[in-house]
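This structure is in structure tokens; I'll ask about it shortly.
First chain written, first letter: the chains are A, B and C, and each begins at residue 1.
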Amino acid sequence: MKLSIKDLLIFTLLTVTMELALIWALQIAPPDRMQGDVQRIFYFHLGSIWPGFLAFFYVMYGSARYLAGRDLHWDRKSLASGEIGLVFCTIVLTTGPIWAKPTWGVWWSWDARLTSTVVLWLIFLGYINLRHYIDDESKRPRISAILGIVGACVVPFVYMSTRLFETQHPKPVIMGDEDSGIKDPNMTIALVLAMAAFTLLYICLWRIAVTQFQARDRLDKLKTRLSLLEDEY
Amino acid sequence: MTLSIQFHQLTKQFGETIALWRAEEQFHPGDRISLLGHNGAGKSTLLHILATLTKPTSGTVTWHLDGEACSDVRRVRARLSFLSHEPMLYPDLTALENLQFINRLYRRGLSDSELVGLLDQVGMAIHKDRLFRTCSRGMQQRISLARALLPEPEMLLLDEPFSGLDGEGVARMKDVFTRAHTCWLMVTHHLQHGYELANRFWIMNRGRLVHSLHKSDLSYEAYLKLCQGSKMEARNS
Amino acid sequence: MSPVVSVFSAMLHKDLRRELRSREIFISSFLFSIILLTVIYFASTSSGVKYELMGAGALWLCITFSGTIGLNRTHQSEMVNNCYRGLILSPADGGWLYLAKVCSNWLLLSAMEVLLLPLIALFFHVDLLQSPGWLALSLLLGTGGFVAVGTLVVVITANTRMKDVLFPVVQLPLVVPALIAGVNSTEVALRGQSPWNWIQFLLALNVVFLSVGFLLYEFLLEE
């Protein structure tokens, strides 16, 4: 694989922001007054949900482009985005409980954010999983694209409904609202850096995945051509 | 009211398997074509693409309605009928109710007595109130023929239409296929019917359309040899 | 007849007649619901929850599960004899075909809810007549959202190898908003209050998903 200048640039930028984010989040930002050092995981927690959303909306965009033009590249691009989105979503779901245990005293609570993230994760999983069960390869991109669009349309409704639900019912645990902690400007800087770093990570991984899919497609095409040549003789 | 089809470099791949490779031909009004070839030669794939059921991986199909190229599949679908060994009729409805459904869906506006008349053409009028699921295989195939004729198609796409029919059923179906102004493209393994009814022949082998011949250029013996030849070739390779 | 009316009349005639004749979906999902209600009673009392408070939840659990079974069954009946291919090959417009299908599924599920309501009232001591208008509206719109997504998803998963397993797995996360809104709205209506904010939410949900389905169904009419 040949790296383009663009790839190198993104990669350098990613390394730098990731380092800075680590330094700021773990060293410079002061510990939370109530939660102490545990709160630091929050920078990475919130940092990964953002690319998760981004990934989903890209799936919707890519799927729509595929259905409009039936260009296989768009299918690969949305699939790559979906897979990486699932990874980020998983990071959110694992860092969440690690943070929740010391602050709330339980690993899990049916908080609106948690509930909606689980649903988001399940939708992602459904989208990725579906294509493994479609045997006909010529059908696969079309069917997945339709599910990708429907899934992305559901996401805002999931968030709205869980919020609406929470305003009517008392929350199980009131402590640990993430907005309460941010007072120090260094905390804001750490958060912004973490979000930027994870977004760059998403872009970087996505580019690698797309190249990988394209290489595989090219290989398949060559194989087909080879079998055709063998036919001739 | 004419319908013709032209296809160019038509290829269909299912993953790495090639079902159809760069097929090129034309279907003119008045053509009655038998599409022949061994199992897996790509006959059904070609038929499905021409019926607007699937899209080709690459290549183009152009449907000409009354001399004009038409890209709206719905207009094409209204003027084609597809008849295969799968009846495409609901088992829990009676023969007549099934036809009523198709009648509404195609907006033909036929009355019930006209629908019964259609069933009568295939010899099924007495069974009009029988549940489709309780009909025998041959009866089901006859009702499917009535279903295919309901929209008054300009072209029939047939996939093994004679399967399960008795002698009388075959005779009735042949009768329909040899009516004036009926055009069709038929996939069949019944070589005799294939020769008798058609005026053109397309012979396929391993995804390729290898021969396209007129009946005038082909005696029955040469035809048999060609069909069997394509089978032999396939067996050898 | 206009094209839209003809598609609707064809679909509704066919689906309702088929269901009235075979009653396969009705009987199986209704019996299933009764079993589910019994299980909910035992589950709630043994965990110390007052089962009288479970009315709305129980109703929606029944709608979810028997609705999923029902949608799966109706689509399977399209797959017998390859009837779905017949729909693909018809000149009818995909979007209207989708709406007609949603309409018949919605009618069937609503009919089952009408039968379930007296059972809920009986088992969970719920007063259905507190605000019947809001209750009806919550059920109609909630079911609408459920069916709008389900009708699309059932065709999506029908293209896969393990359609019976995959359909609920893919479908349930996608109907979470409709279920949350439906159950809350019903619960508020059963208490005799106005669930206006939930109804607004459900209206938006219905509009969005019916439009999404209307636009996307065309792409499912292909083999």
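Here is the rule we use: contacts are C-beta pairs under 8 Å (C-beta built on N, C-alpha and C of every residue); 3 or more make two chains touch, one makes a residue touch a chain.
Note that the structure is predicted; figures quoted are calculated from it, not measured.
Novice: Out of curiosity, which chains are bumping into both subunit A and subunit B?
Specialist: Looking at subunit B and subunit A together, the chains touching each of them are C.
Novice: If I average the C-alpha coordinates per chain and also across every protein chain shown, which chain's average lies closest to the global one?
Specialist: Answer for the innermost chain: C.
Novice: Taking CA centroids for every chain, report which one is farthest away from subunit C.
Specialist: B
Novice: What whole-number Å value describes the gap between the mean CA coordinates of subunit A and subunit B?
Specialist: Between these chains, centre-to-centre, one finds 49 Å.
Novice: Calculate how many whole Å lie between the centre of subunit A and the centre of subunit C, each centre taken as the average of the chain's C-alpha atoms.
Specialist: Comparing mean C-alpha positions, subunit C is 31 Å from subunit A.
Novice: Measuring centre to centre with CA averages, how many angstrom lie between subunit B and subunit C?
Specialist: Centre-to-centre distance between subunit B and subunit C: 38 Å.
Novice: Residue numbers in subunit A touching 2 or more other chains?
Specialist: Where subunit A meets two or more other chains at a single residue, that happens at 136.
Novice: Mind pulling the residue numbers of subunit B that touch at least two other chains?
Specialist: Where subunit B meets two or more other chains at a single residue, that happens at 54-55.
Novice: Send over the residues of subunit C in touch with two or more other chains.
Specialist: 222-223
Novice: In the complex, go through subunit C and note every residue touching subunit A.
Specialist: Residues 149, 152-153, 156-157, 159-162, 166, 169-170, 172-174, 176-177, 180-181, 184, 197-198, 201, 204-205, 208-209, 212, 216, 219-220, 222-223.
Novice: In the complex of these two chains, what residues of subunit C are touching subunit B?
Specialist: Residues of subunit C touching subunit B: 1, 3, 6-7, 9-10, 13-14, 17-18, 21-22, 77, 80-83, 85-93, 222-223.
Novice: Inside the complex, what are the residues of subunit B that reach subunit C?
Specialist: 48, 51-55, 74-75, 77-78, 80, 82, 84, 86-93, 97, 100-102, 104-107, 109
Novice: Applying the document's contact rule, which stretches of subunit B touch subunit A when the two form their complex?
Specialist: My answer: residues 12-16, 18, 21, 54-55, 57, 206, 237.
Novice: Quick check: in the complex, which residue numbers of subunit A touch subunit B?
Specialist: Residue positions touching the partner: 70, 136-138, 220, 223-224, 227-228, 231.
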